[in-house]
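In the two assemblies presented below, chain A is common to both, partnered first by chain B and then by chain C.
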Partner chain A sequence: MPNETLRYYATDKEIFDVLASSRQRVSETALLDMARSRGIFYSPRDSRDTLASNISLLPHDHDSLKEILGKSENPNRAEKVTSITLNAKISPETIKAVVKSFSENAPSDEKVVAQSESPDKYRVQVKYTELDYAKTRLLQRRNREADIRFIIEDNKTTIRLPANPKAREIAALLKSGLDASQKTEIPAETIDISDLSTDERTLFFTNLISTMDGYELRDVMNVKVQIGSASKSPPLEDEEKNGEEQEDAAITQTMLSVVEDVALHGKALLVSAEYQLLKDKGFFITSITWKAQQTKSPFNIVEYDAGFEEPEEGRGFRYNVRGLYRNRDGEFTKTMQALSAAHKEEIFPIIERTALRVLEALRKKADIPQQGGEQQ
Partner chain B sequence: MAETRNIAEMATLLSDDLFGEFLWQRTGPTDTNWPCEDPESHKVKTHPSDVVFFYDNPYSLTRTYVNCDLKSYASGTISKAKLTPAIESLARGLSCAEKSQEWQKRFIHDTVTPEICGLLFVYNHDNGYDKDFKVLMSDANPKIDDLPRNSKLFVLGPEDIFWLNNVRYEIVQMRGKGLIPAQEHCRFFYPNLVRRNNIQPEHARAATLEMLTGPWIVLSYFHPKTNRNGYVIFYRRIGDSVPEFLYFIDYLMYYQLLQSNTDVYIRTLETDLNAPAIFQRAVHEYTEQCENSEEIRERLKAITYAQMNDIHTQFSEIEIGMDNA
Partner chain C sequence: MKRIRWFAAKWPIALRTLATKMKSHPFREDSLNGFIIERVRDNFINGRYVEKISYQETLTTPFGDQQIFDRTEYRQLEFSLFSNFPHMEFLDAPRSTQSYVSKLTELNNFSLTITPLTVDLLKWVASFQSLANTKVTIDSLQISGLELETDVTARVSISGNKDVREALQRVTKGRRFDLERVQLKLLHENHIVGLQLINTGAAKLEDSLLEDFLPALRQSLPVPKLGE
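On to the complex of A and B.
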């Protein structure tokens, strides 16, 4: 092939390298499960290397390779999304024309597919390649897809996009195309809480997770907190301390200043003593993972996460629907099941609406003049 | 007694028809029990072997012996509670077979290095096949700590048997039409891999369990009447996306299956309705990526792609209890 990186078939060696190098993400159990899905049971006494070797020697097709690459990826890197709200109704024809022009000017390794999903929804998929030559061949090339959606409502248009630099770059280009077509800069807003106090930032998250329409909060499993700048310890006042006392204080001060952010993992975290202690010390929430149950049939539990790309600044709101625990006669499936893109698209607006509503309420309470999100 | 007779009949059916077409051979007696080597922990005096097959391995100088446990059930009667102990029992049997002089005396040839594996063959005798078996399998959580290191155990469920039975039938049909030659000119295809060479290219002719449970089965042949080589690839996937076929075409290219003077047939079963069109799109895209090479276009165009239309849903009506695990 003219371009070596475009080869599709993966050799046994390449598969072995991926499995062997993903020690943390592809455990012995994951390898045993992989074989089991083909109806093969290997001995649980086999070493990880033996299992990886056996699996790499099996015939693989496109889907099984995709599964292996998916497992070798950090699951926490599951693409989060973000959104931009344009305060104007833009016609699908205008969007189509702007996308057409964008598509014609796209680089050769990018493929743009755009289609109208319904009169008020327009979807632009940009397929692009990310290369990292430091990795084994199979991992060098990751085919990425920026799935950007325009949702047209009465007086606004929401652009929903993956929360990564490439998608932001594409969205910015499309936005400037729309500006040009309207011959004005269309006002855009994003969820930005940089103007809120640290307590209000925490409230933003706690209100978000507890007031989502159609969902009832069940659990909080991951929380990241950061120390507010006002609560960071002031510099040492040397003149007040002498000798050993001063040295001890300096050590303590150094130790304290190291703890700027903390990640908590567990269950019912917001009521845990550890979280309360951190909150009292002035730490505020910068990201959160929670489970909420549908208040209507089928009463499934959905797992979400939300946070900010720039946690300290409170900018770049991003969120995701991680998966689903199905309700089977009151019992929930033990493992989280992935949601289809269409199903996620149904849930995203709930997070977006709730985030905007919560932010507006907090601003009103704090008497901050801006409404909704940050004007761009 | 009926059970014994049924097991014997099924063993014959498997060796003469199904696995026979995949070039497996039968060894030793059928429906036999042999002494357990670890009665204290296994809590049994004997282990069963319904039938034992063997084939030579392509990537090691060993011969695989497949110790089979044959089960069949009527629709709606199989459960996790029946499947789990059957797998566990087979795993315990395997751990003893590796140590048992008696088992080895009955089934193993003197001149080879054996690799013993287990096969739980579970079919649905009244309804062809049952797609819920996969769900059962993913829910079953057998304790197989007894399974010795480097051993493996395979489960072929109703859907697998439906697939294999249709592949077998297609081979017979193609042979009947003269498209492929007699069995002696056929073998299953094991290319040299990067980490393993095919070190028994003459002896390892049979389809291994790894191939039979994989995404495709590749039969290669030399047709003495036409003096042409050929491959028949039985493609098991759904065929609903271009990338799926691009990967498959790249496999054919990588192992140089697409040569002049070589016939290549692809046979599919119950794929997506649009699979043939999607395959053609993949051929087109692949050719484009090969700088529109005319030679590549010709070779890809020469592939005969067809669905297996004469579908056989019934493998056998023989009943063998699920309760003798």
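On to the complex of A and C.
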């Protein structure tokens, strides 16, 4: 076991760093509250630095330190998810056995909890610690949880996992365990559009947002676009390879202004002149946030986002359900409400299915209405 | 009173093709939304976009019981699309046109551009006056962002029994301001009638005047300069 107590040896300097670094979550008011709970009243006119410095010099026990750390953490860290589709039916028993051997071999700082939610759903929660040396020392180690779900369907099994490197690593380990238990490599399908042309990549997104089962597109609020590699200037490597001969050329090239990606925020973005101009210049979509309305009761509007971890390569599809605008007597709530994990789990399969279907159709160049020679 | 609003758009496909696509998404009894197309020409489409909105209304009775009613509402947007500027015209548009715009962009393969207008109202009035061939008086107007001094602006509404354009000149004296809306008075069939123009490319007028003035209003709308 790692020495847990090491984490709680915090000097005043370190506490100051934590208090001062998360400006948004540990606000002046939060600092004043913290002091007030100890019966100390500081002036509300004191600067943040003074408040943080004063509080950091007070004695802190385990609980108060925990409170500070808890405050500095983002409570609704919306982690995007991703999925791997295994084209084989895998029995819950097999998954259970693989997870068991995985949890036995897990490193000491990881804790694996697995349970079967229903005959066709299996959930594995891995608690692990994450290190980020760029953070201030007290925040370098954070406890995280990777929630990995196996959804068993007729001919396939979907593994849904948080889109982060650690969860991917765990999923890869579990997948190789499954491969070993089946004594064959199970064909795995991920959403990967690296083989598609830039126009097709944009089509992937536009078809995804407009053809989701049970939902109808309402609005597009964020779009990130990137220039296609064909329209880009030659890569930097060439310049380096040819050394001095190319130096002049390199200098002129670095002086040219180049826009490589653009993030647009607004309303009805896809009909904006700005987006269309970028599109005509060869930019393609790499991530998108949109709203869609349910076509059945209760006709709520759901906000989604989808994108790629490696936008240029089109690899690592990840997505999220950001929240819900409730339909109240024909009008929608102004603010977005968070969705419960169970509710999200109901919506994720729709994105996954649509993405797979759209991708398959694009690969086949089959009868997708948006395709064809009509585009200018 | 009818509200009319115009937009500029860039059609990626021919209007006849678009009309065919719209007809393949008709509004029916069982659909949630769809188009009802009235007239189609090479350079013109006229129709309605209908949205059926269903929701449940909960009512609490005086005895504390809850009653739930299923309600249905229809929201209609009457539109005309033109191949030339102004490309899109809405008649009495509902507050939210999101659904219509997303449907339209889908039908246009996501290559459609719609740009809201910012209109120089004095220019619009001048060209409307020469088109309608009648004397037009601006009897009231509203301006905003009139710079009184550095970092101080005013919102002013000016009205009078005569044309207020001269008064506007005197009040603003070359300072910056945004002309937001104007109210026009003009003689029409021996009656003095009024109509309102708004700088977002919108107009408000009595239903009875629609037929006589709509074409002139549309035609006199200043074409936005490139890059605007």
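Quick note on the criterion: the second predicted complex is superposed on the first by the 252 of 376 C-alpha atoms of A that agree within 3 Å, B and C clash if a C-alpha of one lies under 4 Å from a C-alpha of the other, contacts with A are read in each partner's own complex, and residues count from 1 in each chain.
Everything below uses one rule, namely that contacts are C-beta pairs under 8 Å (C-beta built on N, C-alpha and C of every residue); 3 or more make two chains touch, one makes a residue touch a chain.
Since we're looking at a predicted model, the values are computed, not measured.
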{"item": "First, second, both or neither for A:327, with chain B first and chain C second", "value": "second"}
{"item": "Which of chain B and chain C A:344 touches, first, second, both or neither", "value": "neither"}
{"item": "Partner chain(s) touched by A:127 [first = chain B, second = chain C, both, neither]", "value": "neither"}
{"item": "First, second, both or neither for A:50, with chain B first and chain C second", "value": "first"}
{"item": "Contacts of A:271 with chain B and chain C, given as first, second, both or neither", "value": "second"}
{"item": "Between chain B and chain C, more extensive residue contact with chain A", "value": "B"}
{"item": "Contacts of A:40 with chain B and chain C, given as first, second, both or neither", "value": "first"}
{"item": "Contacts of A:279 with chain B and chain C, given as first, second, both or neither", "value": "second"}
{"item": "Which of chain B and chain C A:60 touches, first, second, both or neither", "value": "first"}
{"item": "Residues of chain A that lie at the interface with chain B and also at the interface with chain C", "value": "none"}
{"item": "Interface residues, chain B side, partner chain A - complex", "value": "59, 87, 91, 137-138, 142, 144-145, 147-157, 160, 193-196, 209-211, 213-216, 237, 241, 243-244, 246-251, 253-254, 289-291"}
{"item": "Chain A contact footprint on chain C (complex, rising order)", "value": "10, 12-13, 17, 32-33, 53-57, 71, 73, 98-99, 101-102, 104-106, 109-115"}
{"item": "Chain A to chain B touching residues, read off their complex", "value": "1-3, 6-9, 11-14, 16, 36-46, 50, 53-54, 56-65"}
{"item": "Partner chain C, residues of chain A touching it in the complex", "value": "202, 206, 210, 216-220, 268, 270-273, 276, 279, 293, 295, 297-299, 327-330, 370, 374-376"}
